[in-house]
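First chain A sits with chain B, and in the next complex the same chain sits with chain C.
On to the complex of A and B.
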C-alpha cells in the first residue's frame, strides 16, 4: 500500500517538476482562455443580456456565461497535453521504465492521470483568479464547491487523452488530435453557447452538444460555481471517466491493446 | 423585562410579515403579487384592460390601478383582490399620483391632454386641468401644494397649484417626458425624458434647471437608452433610473448627479419599487415578462421572476 502511494507521490512530483520546468506551458495555458475571455467574449458581449438558462437566475452578459466553459477549456487542453507528453515519454523510453514498475498497470496509469489532473486543476484556478481580477468573480464558497467538479472534469479528459495516446505513435500526430478531438469537443459543447441556441440552428448539432461529455463537464462546473448541484451532468462525467479509463487500460495492455502493434 | 417583551411583541410581527410588490401586467390584464422574502408570485389578481399605473392608499387597504383601456381607475381591496369600484378617471389614464391628503388622485389622461382630479371618497371628479399633449408622468410635492404633470408630445413639465388648479409654471425638458418625482425634501423635481435619453433635475423653488443627467453604456446604442421610471433610496443618496430597451438600471449619485453604475436587468425595463426595508429593488421588464430583483447593498441583480405578459407598474405594500 505504501509502495503504491509512494509511486503516486513520485509520479505527481515528476509531473509537477516537469510542469514547473515548462514555463511556457503555464503561460500558454492561461493566455489561451484569457484571449477568449477578453477578445472573443468582447465581440459577443451581449450588453443587452443573455436569456436566462439555469443555473443563472437572472440576465447575464456573455463574459459571465463563457467563464465556466473556459475553465473546461483549460482542463481539456491540459488533458490532451498530458497525453502528448505520454507519447514523448514513450519515444524516449521513460514510459517503458514507468510501466515496468512492480505495481499494477492500472494503478500506474491512474497515478499518471491524477498527476495531470492536479496540474490541470491548478491551471483552472489560476485562470479563475485572473477572471476575478477582470470582474467576473463568484461567491467565495463557490471556488471550493467547484473543486470536485473541475477535478472530475480533468480526470475524465485526462483519461480520454490517455486512451488516445495509446493510439498515437509519434509526436507529429498530435495535430490530428487537435483537429479531430479538441476542436470538435470544444465547439460542440455548451462552453461558448447555451444548448437552446444550438437547437435554434440545427437539431443534429444540438444532439451532438447534448451528448458531448465535455458539455456535461462544463455544466457540472457551471452549476458548482453557482453553488448548485447538477447531478445528471456529474454522473455523465463520472461514467465517461470510467469508460475512457477502461479504454486506456485496454489500449495500454501489451497483450491486447493498440500498444502491441508498435512493439 | 416587560419592556423587552413589549419590544419583542412589536418587532415580531414586523419581521414575520413579508412585504409585497404589486406588478401590473399590461397585456394580461392582471396584477402579479410578489412576496419580497420568498421572491415568488403568490397571487394573481384580475383587473380592467391594460393596467399600468398603480399605487396604494396610505393605510394600504386599497390599491388604485389605472386600467387604461377600460378608461377607469379601479379600486381594489388588497386582502380579497376584489375590485371594489371604478373611479371616473377620464379617458386613457396611464399614470397618477395620490395626494398626501390620501383623498385626491391626480390622473394623467393621455388621449385628452387633461389632468383629472378625482375624490376617492365621493367618487366624483373635482377638476379637470388642460395640460400639454399626451400627459403621462404625475408627481406631487411632499407638502401637497404642487402637482407636476409631464406631457410627452409637448415635452414639458407643467407645475400645477393644487389649491387653485392653475398651471403656474412650465418647464421645457427633452423629448417625451414620461415620469416625474419630487425628492423627499421637496427641494428638487426629477423628470425623465424617454426619447431625449436624459433626466432633468429642477430646483422646486424657482423651477430652474439644475442639471441634466445623461447615460452611456458600453456596447449599447445610444438610441436604446430611454429613461422612464426612477426611484430614490430611503436616505435619498441614490437614484435608480430604468433605461427601457437598454435593459439596464442606472445608479445615480444624487449629490454629484454622476452615474456610478449600470445594472443588467430584463428586456425593456419600465418602473420599479423597493421592498419595505429598501434592501431590494424590483424592476418591471416589459418585453421579457419578468421582474428583476436587485440587491441594493451590493448593487447586484440576484433573480428574475416570471410575471404576466408586459409587466409595467410596480408598487410596494408592507
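On to the complex of A and C.
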C-alpha cells in the first residue's frame, strides 16, 4: 500500500471510529428523514397530487416519491456535519496534525472528504433499509445501482461543506451559515416535489430548483433506484463536485494562511 | 545542517509577525527559542510545519527545501503544537496508529513504532485509555511520543509545557534534552519561560518578529531571566 492510500485508510478508520462513538449521530441521521417519511408524507399525500414523471411509469404514492429526496437529505446533513467536524477539528487543533502530514494538501482534504462521504452513504443505506421495512422498497439490484449515485452526491455535498468550513472561523458561526445552506438547498430542490409542481407556483422557484445541484443529486439517485441512468443530472453532480472541491482547496491553500496562529 | 531558515518574513495584515528571521541548527543541537507572548514563535512554527507559506524566505528541513519538496521535509519533522492536537475520543493507541498512517507507516511496522514510542515515554500501560482520560502531563507526553513515532530528524515543540505543573515541566525538559544528546535529534523548543533553558543550550531570543540574540545561553535561572527582560525591554520602540 502506498503512503497516500495508507493515509486514506487511517483517515477513514478514524472517522468511522468517531462515528461509532457518536451513537446519537446515526439515530438523528435516521430519525430526521423518517419523520418526513412517516409524518409529513402521510399528511401531504392527499394534498399533493403527482402526475407521472420519469423515471416513474405509473402513478406512485407520495411516500415513494420522496424517498430519493430523503436519501439526499441524509447525505446533505452528513455533508454539513462533516463541515462542522472540520471546524471543530480546527478549533481543537487536530486539523493542524492532518495538514502538517507529509502528503499533498489536496490529497489530505480528499481523504477527509471521502471518509465523510462513506459514512454518509452508510447512513443513506440504513435509511433505505428502514424505508423498505415500511414497505417502500426497490428492486434488489437497484440498491447496488444507487451506490455510485449516492456516493457521488455525498462527495459533492461534502465538498460543499469543506468549502464552507474554510470560510467559518468559529463554531458559533456555523449554525447561521447552515441555515442559509441546508434549508434553501433542500426546499428548493426536487426532494419533496417534482420540478413541474414548482413551475405551477412561480417560474423563478422553478429556475432555482432546476439550477440547484442538490436537485440533480436527487434525480441521479431517483433514476438509479429505478435502474435508469440520468446522465445529465449525474454530470451536473460531478461538475459541481469539482467546482466545490476546487473552492475548498483554494480556501485551505497554505498561501492564504487560513490555519493561522490562533485559529 | 538539520534545520536552516533564511530571511523569513511574514505579515498578518498590517502587522509584521516575522521580520527577516534566519538561523541554522545542527544535528543533535537543542535550541531554546525564547520570546514573550506575541514574539512570533507560533507564526514561525506555522511556517515550519507548512500550515501556511511565507511571503518571503527559505526553510530547509533535513536538507529538503520545504517549498520545493514539502513531503520529504515534513516527513523529517516531528511536531508538538502549542495547542493540543490529540483526538480525545480515541484511545492512546488509536491516536498513535492514526498518526502512523498519516506518515505512511502501516500494519506491524506501525504497531511496533507505536509500542516503542509509548515505552520510551513510559506510557506503555496507558495504550487502551482514551486520550480524554489522561491528565495534562500525560497528554503532552503522548504528543511527544507521537511526534517521535516516525523517527524524525528535527523535533519542534511550541510551548509544550503550558499548563503543566513544575515537576512535569522539569521531566519533559529533561527528556527532550536527552533526546537531542543521545539520539542526535535537532530540537527547537519555543518557550517564554527562562527556567526551561539550560546553560549549554543554544538560545535564540525572538521579540516582535526579530531575532535579538543568537548564541549559547551561558546562563540560567534568575540571571537569564534578568538578561531576557533587559533585552526585550530595550527593544520596545
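Keep this in mind: the second predicted complex is superposed on the first by the 251 of 263 C-alpha atoms of A that agree within 3 Å, B and C clash if a C-alpha of one lies under 4 Å from a C-alpha of the other, contacts with A are read in each partner's own complex, and residues count from 1 in each chain.
By definition in this document, a residue touches a chain if its C-beta (ideal position, glycine included) is under 8 Å from a C-beta of that chain, and two chains touch if they have at least 3 such contacts.
Note that the coordinates shown come from a computational prediction; the quantities given were computed from them, not determined experimentally.
S.K.: Give the label of whichever partner, chain B or chain C, reaches more residues of chain A.
M.R.: Touching more residues of chain A than the other partner does is C.
S.K.: Could you tell me if A:61 is touching chain B, chain C, both of them or neither one (first, second, both, neither)?
M.R.: After superposing on A, A:61 lies in contact with chain B but is clear of chain C.
S.K.: Within their complex, state which residues of chain B touch chain A.
M.R.: 217-220, 224, 246-247, 264-267, 288, 292-293, 301-304
S.K.: In the complex, go through chain C and note every residue touching chain A.
M.R.: 12, 17, 42-43, 46, 49-53, 70-75, 77, 79, 81, 83-90, 94, 97-106
S.K.: Can you check the complex and tell me which residues of chain A touch chain C?
M.R.: That would be residues 1-4, 6-7, 9-11, 13-14, 17-18, 21, 92-94, 96-104, 254-262 of chain A.
S.K.: For a test of understanding, state which residues of chain A touch chain B in their complex under the given definition.
M.R.: That would be residues 45, 47-49, 52, 57-61 of chain A.
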